[in-house]
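In what comes next, chain A is part of two complexes: it sits with chain B in the first one and with chain C in the second one.
Up next, the complex of A and B:
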């Protein structure tokens, strides 16, 4: 097991960009974890004069926004929101996607037809509009934003899982399992899934990046949860000041860009490490 | 109080009746008006649902319809009534009837003359049942005495300033009988291409973009309008409006068209001016409303405590960049006729707020006094910030706050239909005359489930109702002013809903746009006298 992990780590590390990505992701995670100790006060508190530029005051290293809230505190606490939504949404999407894809491929027949048409139905609805619709129906709560993002991003995972399952379900080891009398569920999730998982994990890591962007878009449009701070919300609030105090948008914008970039790089690294075809290149 | 009396009204109406035009303004001193040119205008909001919405419909259709439809009279910047379609409106001795003299030789855009028949139709079939509603409840009959004279008869005495305010206000547009008679005024498709008496005719409405108006060459006020063409165009957000100004695509924008920080930047170039005049008869406020259906907020002491917990200067200075003032009482400070300082004030004082809450029976238990659902109506960007600020302000007195900032439709539903809030942040614009726009927030008959911008708090106080009904029939203007003061005092001390800040909206215009913002409600004016100095 340990050698397997080292093997994985070695292959991941071969991709230098992925290492940079991993480093950035770890930094964001570190900031998110440290936020309550670093900025113990409610980040949405008004603490100083509005529109202090970054690096002008040692108390507010990243400046203050149009209401006089500390941008550094909002970025740090916003990292928690952003990562939490990203991870939970990705998890939701992965669970839905794997369930649908695996069932469709394994059972086949009319179930496959039905599930794939359903997937296509979801794919035809523009993602952002779908997210906004769900949020405006359910309400502006962080849980609902997470569910909404999960609900719109599961389709590629379902299709990928289905494709992997299709190619695996008639292999000899599966037939052997069947011959041994194993139950369908056990074969699906105990035998086929572990073999189908690597590309799905890569895709899920990319869904995290997509979820971060969706959350930002929702918050930017003012449909986020006003009780928690988030990067998109900060950009949305600073939008009208873009001509005079552009840093209010730029700082969280940079944070979103770096995080999404880093997650994509990590995804690439995972692809290199998990793709068996690249294993001994 | 400015010098204001009944004699002033009569003198203005009679005196101005002699002049066919309007008195010259200080701005006109820059030279004789030039004819020609196209003016592109906008306002700080979105496209209307229809160019004319007979039952009201908010500022957007009001803006587009008033270029086509006119009213009998209008209110000048110094709050005097000036004739438009009427040459005079005279009350009888007992104030139970009013005689309206129409201006002769006014024609509709389709060439038909404006007559007393049109006016009778408006009074009985449009104003009373649709646009003015309960405001004109007392109106009994309208009789055409001759082709240019109409007598309105009322059940009770009607104060002159009140009636004239209604006629000069949003509800008083004069629509053509020959087009609307026999149809459903509210749903008539002609509302998208209205035909009026005004200086501009609707040429084309390109949905999602703009409406183009052509000059009315047979306008009754000879020589006007000065513009050849008027275009009202809509932009989705303030920042793109300021870009449009700078790109030369936009000449004038009313009601805070651009982000406040951009105002100084644009005016510094000297190519643009920022004008705060022209809003006194549609004075905007941001208010806080306390739902009386909730046990906690039914207590007056709680409401007063919460008002003490709000730093209104912070809202005015930081959220509105100084373009607002902390409110005092229920009336806007710019209301020079009825505003009074002699009302209960709520200076920012956290300690006092906490003490009042303790005394009201809500001490801090386990870090919190009680939970509050705070709904800040998301139709203005400022309300987002105010909501966030209020959450903090109330948390500072140990109240647990759940903040929601829903979109326009959801906000209207939660506040005015479902009453699903504890404390709400909302806005409204009020005329100088407090009945009904201001009073309907406080009277029992103002409670109409589903009707927006009225009594949504469920507040009901017989003394308040009595004061307002006295105001409605008091014809002595001096006594009426003191009744309004009495109303304001009660509203301020009971505080079911109170303005937090009085807004000072700004009009941004290119400096070569002349003679704008000269009346008490410029946005709803016909813009016949606006001209371009190019």
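Up next, the complex of A and C:
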């Protein structure tokens, strides 16, 4: 097991960009974990004079926004929201995607047809419009945003899982399991799934990046949870002041961009490490 | 050919049907029904009046009947009445749709132009500084939120340099000739279309590069070179044409995302399309409008997807129409 891990780490480390990405992700995770100790007070609290530019005041290194809230504190607490929504939405999407894809491929027949039609349906619906509809109908809560993002991003995972299951379901080891009298569910999730998982993990890690972008767009439009700090929301609030203080938009935008960039690079690195066959293409 | 077109269009019907049913379920999931929102906004409290309104809007009937009625009315393109705009939902959406279509087409154009050019350049100069620069740019634009890019471009090109207008679609109060109006719209279009298109340009550049390198290794390219065609002609007429196929697929897959992305961009640049309409309707809990946009948006994407599939048939004769 340990050698397997070292092998994986070595292949991952061969991709320099992925290492940079991993470093950035760890920094964001670190900031998110440290936020309550670093900025123990409520980040949405007004602390000083409004519109202090970054690097001008030692107390507010990233400046203050239009209301005089500390941007650094909001960025740190926003990292928690961003990562939490990104991870949970990706998890939701992965669970839905694997269930749908695995069932479609393993059961086959009309179930397959029906589930693939369903996947097509969710691919056709313009995804951000769907997220906004769900949030507007169910309410502006962080849970609903997470679920909505998960519900619009599961389709590629379902397709990939289905394709993987298709190629695995008639292999000898599966036939052996059937001959031993194992239940279908156990074969699907206990035997086939572990073999199909590596490419699915890669895709899920990329879905995290997509989910972060979705969340920021929803929050930017002012439809996120108003009681939770979020990077997108900060950009949305700062938008009215772009003539005088454009840094209020620039700083959280850079944070989003670097996080998404890092997540994408890690995804590429995982791809190299988990699918060594594909790398040399 | 006509049979294929009709068959492909018929496939859309169950899809739209499912969207309608889902819409209906969503309305009924909502805490506080549409009816409550409407009556509270009009401040109707008289119980008799409420009963009468319930009857007029059919809210007093069983759910199955309501569903059947809803499907039947959407089939006739009756998406309900927007009490805010005081006009049928369908008419309001149709009025705003052209602006969104212009924005999307312009964004697709920019994405294709920039993405394909960058991808081809990177593949010709593979593993040089150009290739690395293009890849780096693609990675950055792939990660930047489009609305943020839009705002930053506004700061740079509209506020600081003053080259382009900050938002809107037409200059207010200027009465121009038709040609002048087109130029005016194009002038307003540059920033939003670029902000929306650059993300897709980044995807296209990456896919185009990979696909060019893949195709360049095939036998027919060697044949083309062997028969003495110039390098440029081989790349443009033989490699590029075949390498474009994945781009077409990708374009079809991303139309839905693009329509969603235009919602945000329209909000940034106050572009008067269905995105702004959706945003306003979501904010004012105008559900018939929100659901109308969802249905028509899905229909638009479904039709575009079918068009892309048919385009594919024309582009690649190897794909036999079955």
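Basically, the second predicted complex is superposed on the first by the 276 of 281 C-alpha atoms of A that agree within 3 Å, B and C clash if a C-alpha of one lies under 4 Å from a C-alpha of the other, contacts with A are read in each partner's own complex, and residues count from 1 in each chain.
The criterion applied here is as follows: contacts are C-beta pairs under 8 Å (C-beta built on N, C-alpha and C of every residue); 3 or more make two chains touch, one makes a residue touch a chain.
Since this is a predicted model, take the numbers as computed values, not measurements.
> Putting chain B and chain C onto chain A via the overlay, clash or fit?
clash
> Have a look at where A:67 lands relative to chain B and chain C in the superposition and call it first, second, both or neither.
The answer is first: A:67 touches chain B but not chain C.
> Contacts for A:223 in the overlay, against chain B (first) and chain C (second): which applies, first, second, both or neither?
both
> Counting only touches as set out at the top, which of chain B and chain C does A:243 meet: first, second, both, neither?
Touch status of A:243: both partners.
> Quick one: chain B or chain C, who's touching more of chain A?
C
> Have a look at where A:46 lands relative to chain B and chain C in the superposition and call it first, second, both or neither.
First partner only.
> Touch check for A:3: first (chain B), second (chain C), both, or neither?
So A:3 meets neither chain B nor chain C here.
> Once the structures are superposed on A, label A:264 by its partner contacts, choosing first (chain B), second (chain C), both or neither.
Touch partner of A:264: chain C, not chain B.
> Under the stated touch criterion, which partner chain does A:130 make contact with: chain B (first), chain C (second), both, or neither?
In the superposition, A:130 contacts chain C only.
> Using the superposition on chain A as set up above, list the residues of chain A that contact both chain B and chain C.
Touching chain B and chain C on chain A: residues 136, 139, 222-223, 239, 242-243.
> What residues on chain A touch chain C, complex-wise?
Within the complex, chain A contacts chain C at residues 117-118, 120-121, 123-139, 209, 213, 216-217, 220-223, 232, 235, 239, 242-243, 246, 249-250, 253, 256-258, 260-261, 264-265.
> Which bits of chain B are touching chain A when the two form their complex?
Residue positions touching the partner: 237-239, 242, 259-262, 265, 314, 318-319, 376, 378, 381, 384-385, 387-389, 391-392, 395, 402-407, 410.
> Mind pulling up the chain A residues that touch chain B in the complex?
Touch list, chain A to chain B: 42, 44-46, 50, 66-68, 136, 139-140, 222-223, 226-227, 237, 239-245.
> Please give the residue numbers of chain C that touch chain A in the complex, ascending.
Those in contact with chain A are residues 14-15, 18-19, 22, 26-27, 29-31, 139-140, 142-145, 147-148, 151-152, 154-155, 159, 253, 256-257, 259-261, 263-264, 267-268, 278-279, 282-283, 285, 287, 290-291, 293-294, 297-298, 301-302, 305.
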